[in-house]
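Below, chain A partners chain B and then partners chain C, in two separate complexes.
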Partner chain A sequence: MSNNSKKWFSLNLSNTKTQVHNTSCKCGKSLGKCGDHSEENQGNDKVDTEDHKDGFDQVFEVQMNRRTAFKKLTASLLIGAGAVTTSCSVISDDKSKEKAQIDWEEQFKGNYKLMTDEEKKNTVDRLVRSYQLRTGKTINMTSENAEENVLFGYAFNISKCNGYMDCVNACVEENNQDRNSQMQYIRIHEMEEGKGFKFDEADDNYYHEVPAEGHFYMGTQCFHCDNPPCVDVCPVQATWQEEDGIVVIDYDWCVGCRYCMAACPYDGRRFNWSTPEVPEDEVNKNQHYLGNRMRKKGVMEKCTFCVQRSRKGKNPACVDACPTGARIFGNLLDPNSTIRWVLENKKVFRLKEDLGTEPKFWYFMD
Partner chain B sequence: MKNNLIFISLLFCVCISCKKNNAEYHSITDKIHDKSKNYHETSISSEAYLQELELIKITEGEHTFLIPERKKQIKSFACTECHSKPLSEMQGSSDSKKAHWDIKLMHADTGVMNCTTCHNGNDMDHLTTITGNKVDFNNSYTLCAQCHTSQFEDWKGGAHGKKVEGWAPPRASMTCVNCHNPHNPSFKTRWPSRFNTQKVKERNEELVH
Partner chain C sequence: MEKIKILKGLVIDSLNITTQGTKKYHLWMGFLTFIMLIGMYCYAQQIEYGLSVTGMTDRVSWGLYISNFTFLVGVAAAAVMLVMPTYVLKDIDFKQAVLIGEGLAVAALLMCLAFVIADMGGPSVLWHMIPGIGVFNFPNSMLTWDVIVLNGYLFINITIPFYILFMRYQGKVPNPKIYVPGAIISVFWAVGIHLVTAFLYQGLQARPFWNNALLGPRFLASAFAAGPALIILVLAIIRNFTAFSIEDKTIKKIAMIVTVAAQINLIMLFSEVFKEFYAPTHHSESAYYLFFGLHGKDALLPWIWTAIPLNILATILLTFGKLRNNFKVLYFCCFILFIAIWIEKGFGLIVPGFIPGPYGKIAEYTPTGIEIGVTLGIWAMGAFIFTILAKTAINIETGRLRFKK
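Take a look at the complex of A and B:
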């Protein structure tokens, strides 16, 4: 297998069909990706697989015990069987065959971290097409990489925050979080003045007129640590820090063990206990593979500094929504950026600095 | 010889332990400092988002940035469209309508501020400083800066006030009056825009168990 540059077995359902019925493969284009094309693309790619195993090899050339082997085989067999039935079935139409083809290729794709740009584009195309086939709606998904000379950082002014929670609303809408479990990445803690940061005594789910007398407000979310403990503990390397400092998750590689959730000292990570549900008309269709694309049951998710926005030069949704200007976001490497001015001119601090996690999220006061 | 060997191995151990976590830098501050030495501008720009907005460029101290144009946003500007005569002649005349009845000054003490602290009765199309200098309505922040000096410093640097669009250069920041009503500048109390009922349920269940 390893001398084959393809990273997974292609079923080539549409291809087989072409041979049988002799209809031109170009028709497959209108239906999105066809097996022929992906084969061509991957054939041309020179992937340096010498150093690390990737894709198909990652899955199959691995030492495992009988139990895991059986588990993996069953899962793959189920999908394979599904694909074969749809491909062989006379009744099923082109669409379901294409769906099966996409599912197959998605099942055996590699870790996003190891993908070439071409492969990233292919998986994004497949996900867009898959969504289109399932819902009839077109989404816009990208796989933009981190840019050189960019390191994202965030500052939060605790004397400005009034606890309005507009940021939480904007975040949920932007990032397609599960509406059923009312998942939210941001927590706003209402703290009593004169008591310091007592997170155990603070209320993060208040409902009264704010700002309340004698209280101040402090927001927490994923701090995108420069030395992230959550990344270290992930057994499958489904989470990592990108070059621009954003800690991301490959939702398709995550096995849902929740080690990262336990390792995070800031309660920054969330788990999907059930299939996330977002009403169709509320789905944010501007998505990024590592950001706000639809998640599934049993995977972790968290704030990504709105990677789908920030890599395009926009502010994260929470920064945009804040009516008091308590949230400041920018490029830490740009000496003229406002975030750098805050770090250099205001008295800043971070939470649990002694842990050495080096969060890129600073707090300051007027 | 033996001592030497122990020393070398000790040194080796120390070196290894310093390289803990394979971290290149000791702290994020070091990383920022080192990596921004050779900083050159990125291709990311917020120019496209700012294109449709009317902005003016200002330079205050060492900071140069864009702020939103103001005069076109004021409904009743220019003032001389109504105030055709000097204020003294308009006041008290029998046919005068009560103007600006909706504006009630809720800014500082009446002993400190009244209308004429910022407005000039003889030149209503311009604002005026405490010392009587003319200020364009677009540069109203100069008036605020007369008293709110620390806020002004923070605003210039970018710690106070929102950015207009993205984080990427060119920098465009809101000016004072985009968030604060100059006649009533404080933020009002209101209800939070969200309440998490699920969290309440989960926490109640936790208490029961």
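Take a look at the complex of A and C:
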């Protein structure tokens, strides 16, 4: 990172003079955009060089060679303590003892961002088992990391959107959002034609037939900024940008101060004001730790570009649900992707560019 | 060993002294305990059902708690206004008032911390913020700066008075070489806590109402008006109810500080209002909402139009020396100034930051009963702590509490 004096990674997609650093992504000739990709990798190196320490390990672990020893020590300590808490109760059966131990270990686990792959797997296993013990149902939760040479981006065709809100419904179902408070990551703003983008006069909560005459529609959600203000302000690094550009939250590490919410200029974040409730038969059981797994009360959440889908090569639920094709999602580093075609051939713009947040969410018109 | 014995004596003696008193004193403490219990009940509700029992929503995500937190940081910072003349400028006048001021700072800081914790969605995982065990996002997050400066300030304001009282308790004279450096640090530190708290808001490009270079300085000016105003009121009460003698000269000097700070505060308010309304931009909408309401939504109008006239009236009255030196007028002015700044720096600052929302949506905020209950409970806790601290300090200072060998 030393030769990169910039505080954030810039996409710089319109800069045709960027040097090609290497050809690892095989698109050296395409307007030099891959230069940005290697810049991205440099940024990622920083994350890699940070020690992956978890929970109390972050205190105990100083040297790498002592690492495993201490890890085992910590683990046995935790298990021992968990055992003590449950063994006091004579009447509880094995299951509730196991549940208590899982709860204990979950309470004192570290920040997901700093976990090793093994620790990630362990916490996912614990969460799956805990869900099984509580409901008797088995969920499928993963902890896939970002793939290399992937940087996700999103484009929204204002001409095509008719305000059907299928994206909103698909999002709520896919991401197990609280049904009680009707939490929605996506807002569709209904605007009057001939007035331009007048967000303050727009209606983002309409209940009438669409498309309403003389109106056009524009969707907003988390824009996964390349220079996200929400990440800087978090006092505990419970939210960060992954290597594929997705801004994620560790729901278990969040302390619920809502500073990120105040810092977000795009209304992209939501808070669980009470325990989120999803009817058991509506729970989407294909989950990702950073994505749509069940949240608890008092933590932040937001759009993750459906990390549980996008890291499997699928589109986010909103993209697949859109009946008009107004939503386009893809890998910005892949020169053959639709998103790249849109960025190169359409006149695109982003919201509140003057704030320097560099959203990875573009709007365009036919 | 000797020191521990003295400390033990001090703790036992102060426990004795704080549990004994006149009927009025017991009524006062009983009343505070009652309010605290109500607050605890309300907080238990909040823990049980989540922050949904408050009036806050995704649109206005900070409310009464953070408003009070912001205001109380100012009150805590104001203790410096007494420390500086006493220890640094060697003005003996304030010596008596300064222990009271520092006690007030300690109470205010504990209230600040209580308000922040009350606002947290997950108080049980607050250990994530402890450096070493958790992940402390320093120096990126201004909130971590605030944690450091507030706790540091709390430490300074506990240790200095403790040292002085500990020496006095043994009948010794405190060594200025030990406490003066601490006092000097605390002068700078007090400015620091309030500036950092202002930067918490000032640094957010998402909220144009806060993203304003004047916010920090205005925080300081209003703090140095409201804080000493509260100290004057407290000194007046102490003078009335205890044997602790506070000279008129002291109160008049503090009144001078209040006056100058209130005047500066008013100038800055005027400058802000001018900027927002002379050439209004899209970014002035929050100010419009605060002062005039937007699209028929005007929940804050009664508040701000109470605060502004009180603020102006108090400043004008205080400006005239004749009125200021009349203690009845002075106490009245201090009271209304305190109320005015509480509204302005609390509700009038935090809530309009969220209204209109990032896309212009106007969703109003009204605190719920539970929220008000918790808030009152925390204020009662502050008063309770302050009463205990002040009672011990006064009894040591007046010589009634001494270590018996």
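One rule holds in what follows: the second predicted complex is superposed on the first by the 283 of 366 C-alpha atoms of A that agree within 3 Å, B and C clash if a C-alpha of one lies under 4 Å from a C-alpha of the other, contacts with A are read in each partner's own complex, and residues count from 1 in each chain.
Here, a contact is a pair of C-beta atoms (placed from the backbone, for glycine too) under 8 Å apart; a residue touches a chain by one contact, two chains touch by 3 or more.
Source: prediction; values computed, not measured.
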Original post:
Which partner does A:306 reach: the first (chain B), the second (chain C), both, or neither?
Top reply: neither
Original post:
Should A:330 be classified as contacting the first partner (chain B), the second (chain C), both, or neither?
Top reply: first
Subject >> Partner chain(s) touched by A:275 [first = chain B, second = chain C, both, neither] >> reply: second
Subject >> Touching partner for A:342 - first (chain B), second (chain C), both, neither >> reply: first
Original post:
Once the shared chain is lined up, is A:161 touching chain B (first), chain C (second), both, or neither of them?
Top reply: neither
**OP:** Using the superposition on chain A described above, determine whether A:114 touches chain B (first), chain C (second), both, or neither.
**Re:** second
Original post:
Between chain B (first) and chain C (second), which does A:181 come into contact with in this model arrangement: first, second, both, or neither?
Top reply: both
Subject >> chain B and chain C footprints on chain A, overlapping residues >> reply: 181, 232
Subject >> chain B to chain A touching residues, read off their complex >> reply: 21, 23, 25, 27-28, 31-32, 35-36, 39-46, 48-49, 150-151, 154, 157-163, 165-169, 171, 173-174, 179, 187, 189-200, 203
Original post:
Which positions of chain A touch chain B when the two form their complex?
Top reply: 147-151, 153, 155, 157, 160, 162-166, 168-169, 180-182, 184, 188, 205-211, 226-227, 232, 310-315, 319, 322-325, 328-343, 345-346, 358, 360, 364, 366
**OP:** Would you pull the chain C residues touching chain A in the complex into a rising list?
**Re:** 49-52, 54, 56-58, 61-62, 116, 119-122, 124-126, 128-129, 132-137, 140-144, 147, 200-201, 203-207, 285, 353-354, 356-361
Original post:
In the complex of these two chains, what residues of chain A are touching chain C?
Top reply: 56, 58-59, 107, 111, 113-114, 181, 183, 187, 189, 199-202, 204, 220, 229, 232-238, 252-259, 261-267, 269-275, 297-300, 355-357
